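Both of the next two complexes hold chain A, though its partner changes from chain B to chain C.
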Partner chain A sequence: MKTLVIVSHPEILDSASQQFFLHSVKGFDDVTVHHLESAYPDGQINVAEEQALLNSHDRILFQFPFYWYSSPYMLKKWQDEVLLEGFAYGEGRRALYGKEFGLIIMIGINEREYQAGGSERFSINELTKPFQAMAHKTGMTYLRPLAVFQFGYMDDEEKTETLIKYWQLLTMKNDHSLETREEWLINRLQKAMTGNSDAELTQRIRFAIQVIEENRQTIDGLKMVLEDIRRP
Partner chain B sequence: MKTLVIVSHPEILDSASQQFFLHSVKGFDDVTVHHLESAYPDGQINVAEEQALLNSHDRILFQFPFYWYSSPYMLKKWQDEVLLEGFAYGEGRRALYGKEFGLIIMIGINEREYQAGGSERFSINELTKPFQAMAHKTGMTYLRPLAVFQFGYMDDEEKTETLIKYWQLLTMKNDHSLETREEWLINRLQKAMTGNSDAELTQRIRFAIQVIEENRQTIDGLKMVLEDIRRP
Partner chain C sequence: MEKEKEEWILSELERTLEKTADETLRVLIKAAQGIIKEQSRRMEQMEAEIDGTLWSPRRWGE
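Coming up: the complex of A and B.
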């Protein structure tokens, strides 16, 4: 599976959260990061190139800071100009049909304000309906979004947890079963091991994989026992 | 009351519906029409001028075609760049506080598709939450929006009905009581009479106003009778 992360941020170098997440996936060979404002500093989008990029990926993600309860305008321009009738919807070919779509939104305000009675009044689920409608119209499966609230106030543990969720949205298949999550984690750990010359780290990762696999064997064993009990 | 209509449409001269509505309000002295793409052909928005324009009006309307369940990107750019912290929200002055805000949206697809089970899945009310949230954040009263579905397929009567709704959203005070609607209509008719040299038309309008006023006297009389009946 190949993932395209379309990032829109007018001042990305000044954004600690954007830098943190984007830096973390530099080695991922199945992920393409595409920052619109860097690619098109004059704002003139190459529509054919953008459509080719979409065609060559299976999962499309939009990553942006929440500006007026939506994306920065450059991503809106991209939608208006790239997702044309005859390409993304309408009679004939629907180029995005069957792909997966997700949102990664950086939000400066506390999560609790996004509800009735809060300063922002509506939930992220309500405010992102236009993107959900876009996924529906183009035939893409809408994934659970990742909303990152107040990254600047997070401690290291919260940042690490958020980073793992970010990596999952970028690279894990859309199935949150225990098996899928374990398989994904082992795969990521093995990738981290190759190309790493630190012997101690490699040893630790190998040990972590061993523990995960043993746990899975235990769970598989318990499942067989359960099935025996259920059998009439 | 002064009304500012901020229009966003990248090819406004090609849009029959935009031309129809905008042409109809050319004589309205309490309405300012401001088309962003004409005002800023190079896309560089004059923030100070836009903020001054907002300050000098009481009702702010956004008028645009529905592109990907939102406005064209130029209006998003306007939001991102003009509605700054310290002007539109945040500590200190909130320049838009107490004003009214409304949407006029031109939609090419049949209204029935905007619901669960329809091709667009979500209602206009759901899809415009980001604008509702903006009105809330800036302290503006959100008016009932005007969604114009498939203008091109309307007959003359439907177009006239829609035009009256449009004029109401632009100029009628936000109170849909019978009195307000009558007062608004008489006012509009009197304006149509002045500056019109056609004697027959003037006579007809004068007659229409007379009928409306007589109806109102009848209703006032009936109300007094009702109050008498209710009195213990």
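Coming up: the complex of A and C.
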């Protein structure tokens, strides 16, 4: 699976959260990061190139700071100019049909405010309806969004947990079962260890993988026993 | 998984974490600790359910 992360941020170098997430995926060979404001400093979008990028990826993600309950200007302009009738929707070919689509949104306000009774009143799911409608119209599967609230206030543990969710949204198949997360983690550990010459570290990681795999076998065995005894 | 084995692998990973500077690997090691704990919880819950089901009064007549 190849993932395209379309990032829109007018001042990306000043954004600690954007730098943190984007820096973390520099070695990911199955991920393409495409920052619109850097690619088009004059604002003139190359539509054919953008459509070719979309064609060559299976999962499309929009990553942006939440500005007035939507994306920065450049991403809206990109949608208007790239997702044209005859390419993304309408009669005939729908180039995005069957792909997956998701949002990664950086939000400066506390999560509790995005609900009835909170200062922002509406939930992120309600406020992102236009993106959900876009995915629906173009035939893409809408993924669970990753909303990052108040990154600046997160401690190291929260940042790590969020980073794992970010990597999963970028590279894990759309299924959050324990088994899928195990498979994903083993795969990522093996990739991270490729070329590592530290024998002791390699052995420890190998052993951790072995434990995860053995636990999976035990869980599957217990599942069979449970199915058997639940049978009337 | 026996409790001792779980604790041992978690502490092994913790020691690995202390020695690893590679940020990507550090995050993945923390994820591995989380997954092993979650697997362990899942196994305990399933074993408890098996015990409970086998001891259920509904089964006493069998």
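The rule is short, and it goes like this: the second predicted complex is superposed on the first by the 226 of 232 C-alpha atoms of A that agree within 3 Å, B and C clash if a C-alpha of one lies under 4 Å from a C-alpha of the other, contacts with A are read in each partner's own complex, and residues count from 1 in each chain.
Everything below uses one rule, namely that a contact is a pair of C-beta atoms (placed from the backbone, for glycine too) under 8 Å apart; a residue touches a chain by one contact, two chains touch by 3 or more.
All of these numbers come straight from a predicted model, not from anything done at the bench.
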| field | Partner chain(s) touched by A:W68 [first = chain B, second = chain C, both, neither] | value | first
| message | For A:L127, using the defined touch cut-off, is the partner it touches chain B, chain C, both, or neither? Pick first, second, both or neither. | response | first
| request: Mind working out whether A:R94 is in touch with chain B, chain C, both or neither, as first, second, both or neither? | output: neither
| task | Considering only touches as defined above, state whether A:H34 meets chain B (first), chain C (second), both or neither. | result | neither
| query | Looking at the overlay, what does A:I164 touch: chain B (first), chain C (second), both, or neither? | reply | second
| message | With both complexes superposed on chain A, which partner does A:G43 reach: first (chain B), second (chain C), both or neither? | response | first
| What part of chain A is shared between its chain B contacts and its chain C contacts? | none
| Once bound in the complex, which stretches of chain B touch chain A? | 10, 43, 67-74, 76-77, 79-80, 83, 119-122, 126-127, 129-130, 132-134, 136-137
| message | Quick check on the complex: what are the chain A residues that touch chain C? | response | 24, 27, 160, 163-164, 167, 178, 181-182, 185, 188-189, 192-193, 201, 204-205, 207-208, 211-212, 214-216, 218-219, 222-223, 225-226, 229-230
| query | Touching chain A in the complex: which residues of chain C? | reply | 1, 5, 9, 12-13, 16, 19-20, 22-25, 27-32, 34-36, 38-40, 42-43, 46-47, 49-50, 53-54
